[in-house]
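Pasting the structures here.
There are two complexes below, and they share chain A, which is joined by chain B in the first and by chain C in the second.
Right, the complex of A and B next:
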């Protein structure tokens, strides 16, 4: 009997958040200035889900991880030079736009289609992982739609912890309002888990893992299927960066208690 | 570059700072994902842990401590400890690793040179074993220096390389060492036991080294000559790590002055030994070992200083642009708000100079590292071939190489000219001889390696002072963004350790006159002239004119005497040969900078990521090359003029010097466009987009 999980992580690249991001109007709609030239990172929530997947796979022998990424394949290749060193996985690349101005519905269709075609994927052991939101597409709905398309009805959102119980059931901590968690349990896979930050630190780069991953990643990138994600029917009325707010007062000799009181009052506003 | 393309490029500036896509093409590792991963590993470590250590003030102590020791486990975790090793030894990079080591050093020193030194020093300790050790020595020490694999329970070993000694020798004269070896006991039929006495100075990694590879000389008539030998911390005797060196730079590396007095078996002699007539004869003397080691390890040091210059660009741009923000007379959206100090021509032109110098140094160093990667297997082939032919000893080797020099010169001539098919087969025949290729590449390596170490660190230190100056008062503070003051002072150590500037100049003064090198240099001159026609903006014309002047000056000096009748060109006449070596370094750095621009222009279109920004980058790097070329031609021409004319008693107008004047005049005229290139490069610096914040802390 097969053991372990088949974990499919959906995650792609976003521009490094430290970069200067300036929206511009391109021929095909809004875009970021110099978007292709900007260094990219793995979408942060998706990255957490990948690290959680690796941790889970390590504890459940026989598990396997796929990373399904929709993005410009040349940029994905650059991204893999870092990500592939973190944890062992097999890449399923889709060559298409990773822009923040793509439509979640179309993205979900492309991702679900690619997952559907993964050879030897055991749906009965499938855990569909991803970020609960994207740093560039923050609608927070993509993973749910991928799950629906794959027929996965047990869905858990903003997850910070997944525990496999002795009876094989899965116990989740989902973030809810007020800084509290909702505890949810399902009998086992298949399930969709849209991760928040989880509890794990970013693994250090390990070139040995990287070299092992890259043997399969490079051919996969060369064979990446084009995935032209359509945005027809969508109109962007305006695109602006979030306004920065900075309210600074210089106060000398305030006690810790006074500072704490003021912060609490500000939070309650 | 056709006219249409050229016009288009003149209008475009780079949108962002150059990223990995650009650098991988320019420095030729776009198809090496093993190297790209090493870069990412080193970068994340540098801009994470290393930057935090510097920001937390860990550079402010001489002593090694638990915070600094975090570096070692981080090196292990991220694969940097094993970067020097072959896959079967625990590493992950196949084949030669000079470029890999250089890239790692570049990334680490982008933040802190001491961290880079700490990383490189372990490799330096292993280098003698890797290059000349016996199979048993390699297996034993490499396997212990590799981090434990899952399931293994052992402590990783770390090493130190001990050549430098306290006064009087100090390592400058590497032919002489005061560390001694004697035979302590030699029971009949058994392995001799040696008594080793070695005092070291400025020895890196000594706080935690489990073994030391030390240079020692014989003090016993039953041992011939010198050798390098491996000393372990648990050997019987004294393994005193010594006092910490009170250095003010590179404080994230451990440096002490050890005192070692130990008994070790003779099998620890690196490369082994033979016994002849009751005398132990090491298979390699210490000079032979360190020659092969230093040829490789000095180049990454040169690259470290160039990394500092390139790393200074972003913090300086940010400082210049934000200089007046927040002030009463600086409304958002105004030029004063957006550009700050970059409204002033001087600020951006000086920054262009810094970037251009860093770029030239990096190009030279990466070219040297690629050359060494090509050279490594050929050097091993050479050793195998010589052994097979029974050529043993320096004298016999030199005799054979002298014979082969004519063929090597023929190969250079054929390889560099357009020849008929029949002659091609002769070129192929010559190229098939590893000894010929060895001679050709060795002639290059013997110049490029010291040139990189000398010019990158020396000129780099001078330009780092400029970088500090551009940050105003901020520049000399501990919390200057980009740690520029620390980098400025670190650069001085880089100019000194692993062979100070005088040693590099001395080596260059000998190797740059090798006919095998000069034949290649003449070919490079032709190549630069051809580039001048197709890419005038790169300043290739100025470099070509200056190189021609340099070659003429060399020939003139070699046959001329000064006003007192003394020969001008003599290897002990440092006032002549050293400046001439300096001038050559400028020329070489500019040549490789220009070649990297051409590479970007040629290969850039193949990158789908670069398509939209390529023209801007090619324009900008051409302008930086043009800027640097102007400086190079000026420096080289000034030095040549001083040497050609400065030793006469009075101004002369003889026919020979008329030729000098003609060539110098061509250099001056060839400077056309170099200042326009600087204007354009400076303008680009006002338009380039930089990240919101620096990606490492202050």
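Right, the complex of A and C next:
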């Protein structure tokens, strides 16, 4: 009997959060200024899910990880230079826009279609991983729609912990309102797990893993299927940067006593 | 002609959470603006009290999926219930609060019904233009959609909670029979820090944001993490504040070394953390540049304490920056706040 999990991680690139972002009107709707020039990172929540996948796979021998990424092919290749050094996985690239303005419905259709075509994917052992929200669209809906398209009815959102119990069931901690967790137990895979930050630090770069991964990643990128997702049905009236700059009053040479008094008065206002 | 459905789940105590009542305001206002009929759809173990409490919201129709199977959050059962309610009411616009339970269930329901969904909605007008932020609160868009049903998850803290007279209403039960496959997941319970250790308080007037400076070497060349922890703890207790943190500070918990034990990833605000809504915010020892200060995008009045007069978290973003030692200032503030 085969053991371990088949973990499919959905995650793509987003502009490095340290970059200045500005919206522009493109031919197909809103876009980011110089989008293709902006340095990119693996979408943070999805990146956490990839690290959690690797950690789980290590503990469950026979497991395998795929990373399904929809993004500009050249940018994906750049991104892989670092991401491929983190953990072992097989890349399933889709060549299309990674913009936050594309419709999650269409993105989910493209991702589910690609997952459907993964050879030898064992659905009975499938854990569909991803981030609970992207740093681009930040909608928190794509993973559920991918799960739904793949017929997965056990779904978990904003997960910080997944424990495999002795009987094979899966115990989840999901973030809910007010700094609390919901605890649920699912009898086993298949399940969709949209991660929050989890509990693992970013793995250090390991050039050996990188080299191993890249052997399959380069040919996969060359064969990447086009995925022209768009924004059908949406009309954007405007996309703007928040304009309000505050006039900051800088209090420099006041005593601690004066400052504390002012703060307390303000708190009590 | 549009038809609006206000969709919500009851809490463990059988009533609607505040965020749901806020969404009801949005739904009732929208129904009036577009002159569309309003229906109420509720999910929960027993929803009668919740329905009675909103009897006067102007809805022509109240229906619900109830029973033990629908008492707590589970994707399979909540999605089945929501799907049944949308089908039953033939709604074209579905407004629901952006709380964890429906945020998990509704995207799949939108797909089943070949509809579309927008989340983190913070404004809706009579022309059906909605507003939401993109790139984690970095830019705001106004948009509309042609597809129906269109699901809108309304962010908490944007609309005023609906208020009105309670009365007894007839709630039409909508039957949903769950297949065994929808019961593979079992709700076990909640995990929360003990009430006095709970530092995340969504209803607090004030958000206190702690930055990594609290754990850095101070003027005497030493870090004072335990002192910092006590000062922060005392402050949020006395000021009844909610505790937020920069990414750098919470990341220290997974990096080893001495840390502020009050903090977990749940406290993180910013680009990859939360963007809570509070009337006031006080940031201390935070340096983050523009992309990270999105953590207090939705804080109305903002002040900061930092040793650095050029603090990137404050200049142009806070109303007041106190250039001072946060250890000294917070100690004095705590003293003045008394017990």
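Here is the rule we use: the second predicted complex is superposed on the first by the 240 of 269 C-alpha atoms of A that agree within 3 Å, B and C clash if a C-alpha of one lies under 4 Å from a C-alpha of the other, contacts with A are read in each partner's own complex, and residues count from 1 in each chain.
By definition in this document, a residue touches a chain if its C-beta (ideal position, glycine included) is under 8 Å from a C-beta of that chain, and two chains touch if they have at least 3 such contacts.
Fair warning: this is a prediction, and the values are worked out from it, not measured in the lab.
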In the overlaid three-chain picture, which partner chain does A:105 touch, first (chain B) or second (chain C), both, or neither? second
After the superposition on A, what does A:81 contact: first (chain B), second (chain C), both or neither? first
Specify the partner with more touching residues on chain A, choosing between chain B and chain C. C
Touching A:183 in the superposition: chain B (first), chain C (second), both, neither? second
Going by the contact rule set out at the top, does A:248 touch chain B (first), chain C (second), both, or neither? second
If you stack the two complexes on chain A, which partner ends up touching A:19: first (chain B), second (chain C), both, or neither? both
After overlaying the two complexes on chain A, where does the chain B footprint on chain A coincide with the chain C footprint? 18-20, 22
Report the residues of chain B in contact with chain A in the complex, numbered from low to high. 15-16, 19-21, 33-34, 36-41, 44-45, 74, 77-79, 83, 92, 607-613, 689-693, 695
What does chain A use to touch chain B in their complex? 16, 18-20, 22, 33-34, 36-39, 72-75, 78, 80-82, 84-85, 204-208, 210-211, 214, 218
In their shared complex, chain A is touched by residues of chain C numbered 17, 72-76, 79, 99-101, 103-108, 110-112, 116-120, 129, 133-147, 181-182, 184-193, 198-202, 205-206, 239, 251, 254-255, 265-268, 271-272, 280, 282, 289-292, 297, 301-303, 305, 309, 314-325, 328-329, 332-333, 335-337
Within the complex, chain C is touched by chain A residues 14-15, 17-23, 30, 32, 44-45, 100-101, 103-105, 108, 135-142, 144-145, 147-149, 153-158, 160, 171, 173-188, 196-197, 199-201, 233-242, 245-252, 254, 256-257, 259-264, 266-267
